[in-house]
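Two complexes come next, and they have one chain in common, chain A, joined by chain B in the first and chain C in the second.
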Partner chain A sequence: MAETEEKQSAGNIVMVTEGGAIPNPHEFHLINAWSISLTLALTSLFALCIIWPEPYLRILFYLPDGIVVTFQITLLSICFAVPIGFITGIGRISQNRCIKLIASTYVEIIRGIPLLVQLFYIYYALSRFFQVSGIASAVTAISICYGAYMGEVFRAGIAAIPRGQTEASRSLGFNRFQTMAYVILPQAMRTILPPVGNECIAMLKDTALVSIMAVPDIMQRARSFVGTTYLYFETYTVIALVYLVITLLLSKAVSIMEAKLNYYDRKSR
Partner chain B sequence: MMKGFFAKIAIALIAVFCFQINASAAEKYVVASDCTWPPFELLDAKKQPTGYSIDFLRAVAKEAGFTVDNRNVAWDGIFGGVATGKYDIVASSTTITPERQKQFDFSDPYFEIVQAVILPTGKTIKSLAELKGLRVGGQIATTGIFVVRDANVGAQLKEYDDVGLAIQDLIGGRLDAVVCDDPVAKYYANKKKDSMGKIHIALQTQDKEYFGFTVKKGRRDLVEKLNKSIKLVREKGIEAALIKKWMGE
Partner chain C sequence: MTENLDNKTVISMRGVWKYFDSLPALQDVNLDVSAKERVVIIGPSGSGKSTALRSINRLEEIDKGTILVNGLDIMDKSNNINLIRHKVGMVFQQFNLFPHKTVLQNVTLAPIKLLKLTRDEAEERAFGLLKKVGISEKANVYPSMLSGGQQQRVAIARALAMQPEIMLFDEPTSALDPEMVGEVLNVMIALAEEGMTMVCVTHEMGFARTVADRVIFMDQGQILEAGEPDLLFDNPRHPRLKFFLNHIL
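On to the complex of A and B.
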């Protein structure tokens, strides 16, 4: 009894991030928090559009190009943030003191500055030296910011692999690179990918900030719709529901991925 | 003893409450302005709202015998705030448009403007149609944006939170043109140190727009009060003095 308790507490990692709550992949009940939220969001969205097509349907039809921009920024940012995070994570556990310091300093600095300030800084403050488009600055700022967050996830994931794995691998004749590439990383990926997915969802939500740089994402489409119609309640209700549906679907995708990665864990349970 | 104590507190509370009722009878209106629209609304060195609209409303308030409590409010929430009663009056260069009149009540016009297209110095256009394909900036949900959108000339519209940021992007080269009210354009082109000389007004539209003080739909009492005093401010020559003060020559 005491032994199992110890085992359980050893494996517990408290992770609170701002991403969507990832549904438990082993939860097979039809009614759970995720399905209730999604059903509520979708039914209220459809109900509003059917009962009052004016203005709700009009608002919904005003959004698609904004959704495209939001996804564009999110996907591009993921493409850059994940490699940045990976390099940072590796750097943080590097044996080379210099690399370790650089990576740690980067994480410290970036994590201490609000994303909104970083966006303003890259778009408006640095425009004195070079000019980049709104979307390019958005992607840069979000990638740099989330690269630092993800660096921590990668570091924690790699550090969680027992030291014995490295020792065994090294004694079998693998060099440090081979150990990392063939032994540590494939195992670490299983723990790393779900929180990375979670960070990506948080990233999608944070793209709402880019509307301050005149980038026409979902949020800005909403604001400019409100600006002509003054329908604050209706517009922001639709926007909230649209964001909710998108993040719920994505968190389900992350959850499915998590289940696939932990295939053997489930078998052994 | 305790009873007496509570009674005293109750009396004190009632007194305060009555005083508040009296205070509201002396009429203090909360006035919202988005202070990013010089020379109509801006912040002074002490971060207090100032500018033509604000001075004008203060003069109106003096005539009408109410006091004002000025607040600096972001533009794209300003109409929502007046609709829900967070503030009584919006003094923020709001053009009276039919769409806005459906949702809000307006005072009589207190200023007349046209829209101005600002270009970098050296570039010219002859009509809005020449904005086709260009990156045109403006402040989100302002009539400048509406004019370009309604002209439907195929310009690439970029909506900023603040016209000053759009001007900065125009100078930096990330925009080809900025559209805003002509006095604001003149302020940035002729008065503001960072932008003076780098940009100029290339085009002014023909359609005149009129600014009105915005109040919640149905506040006819307030509208009448404002209208009566706007007339007085005009007759007493205060308006002319304010124009001279804020627009210069």
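On to the complex of A and C.
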């Protein structure tokens, strides 16, 4: 028994997409990769805008509408992708063979198709049957895609909880759902939340793809700015720095959350 | 020892078989446990003693035979296994406390959610039990702050909080440092003296001798010998049991 439990708890999260690296919450040095990156990004952004307000400041002021749209798409997609991921993760460890197969097939198919192709498929290919707005198809495609990725995170997080926890809960008289709700999920959250946060950051970056469907996100705003001014270098420099600042701040938020979730595991040492 | 028992049979295993893949883990196990009886199961590792114990509250699903708990067939789908489990407490080798809950929350969770006790009622019951197992001063710490012996005593309190009629112990002291074995055994002895029906898988022969009404020796999924502890330990009849006792004492 002891051996299998160790094996199970050792089986930890496997990352399935590249996201921003989440800062180690136990890293308290003032100088680290995260703080250097953020300082560099912010100072270059400010320096550029102060030294050459024309065109850098003009570019920066042109972006806020796009930032709002990027966040809208990201938040909407998170609202759908997390439940999809949860259901998929539960499905993948279901004892019902049929449910397990459906969930696994979904993950297998979606992971094998590039997000850009999925976006085009929903926006252009399916437009033969029904017309959906750019934002709606963006949210649909990203949710379906990231739901599959997050399904893996949920599956691994739940599977990492030792079997003894389920047995202790069931032996008290809790049914399967109560065991999941009171015992397994609260513990799994700790391992699930950081990679889910990571997926959300990766998702925010991937929303740049929707600019191709003329959705006015950060990237699309940049493209339209370039279209009238031909300032490729200046515009895309600002865009890169803006994305960098956003993702760095978000990954810090995730790491703070991660540290808070570790409240019960401090040894008495 | 047996004269103070009333005759009500609370656990009845009849012709129980269990396979792991094609390997038989239990072979035609028959065991009756009366109310207030203390049964200790001993045997070498892999003998099926834990499997037998775990099948009583259906943590292991048996392949053949019947198991009645308080007269209810636990494999019968029309009997709610969760309600049967309310009355059967279990203590595990690895404690299996809920690490995200404090000691107090570990003990109150099931009574609040399953027995619909108010939080105050559940905490009053929990403090009583924690006092009984001698650990009430640790009510608000998380299990990771406790020693193994303390964790196991909390686990016993957690099981008792459902006010079970039967307690199952699956090698409760095997994962403990030697100096902590005593504190857990003392709690179990006190429980036995109160008249709790107990089935215990253990390697603690001293405990078996002093507490058990009946000792069961298992090997290769079969019950090879059963009897009063003095008889079984001093005059083992089965050669396998003789060999086993020679090698552990």
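A few notes on this one:
One rule holds for everything that comes next: the second predicted complex is superposed on the first by the 248 of 269 C-alpha atoms of A that agree within 3 Å, B and C clash if a C-alpha of one lies under 4 Å from a C-alpha of the other, contacts with A are read in each partner's own complex, and residues count from 1 in each chain.
To be clear about the criterion, a residue touches a chain if its C-beta (ideal position, glycine included) is under 8 Å from a C-beta of that chain, and two chains touch if they have at least 3 such contacts.
From a predicted model like this one, the values you see are computed outputs, not experimental measurements.
Number of chain A residues touched is higher for C, counting chain B against chain C. Of the two partner chains, neither chain B nor chain C is touched by A:G112.
In the superposed pair of complexes, A:A168 makes contact with chain C only, with no contact to chain B. In the superposition on chain A, A:V183 makes contact with chain C only, not with chain B. Comparing the two interfaces of chain A, the one with chain B and the one with chain C have no residue in common. Residues 76-77, 79-80, 83, 99-100, 103-104, 137, 140-142, 145-146, 158-161, 165-166, 168-169, 172-174 of chain B are the ones touching chain A in the complex. Looking at the complex, you find that chain A touches chain C at residues 1-2, 5, 162, 164-165, 167-175, 178, 182-183, 186-187, 190, 264-268. For chain C in complex with chain A, the touching residues are 50, 57, 59, 82-83, 85-86, 88-90, 92-94, 96-101, 109-110, 113-114, 142, 144-146, 155, 158-159, 162, 175.
For chain A in complex with chain B, the residues that touch the partner chain are 124, 127-128, 131, 133-134, 211-212, 214, 216, 220, 223-224, 226-230, 232.
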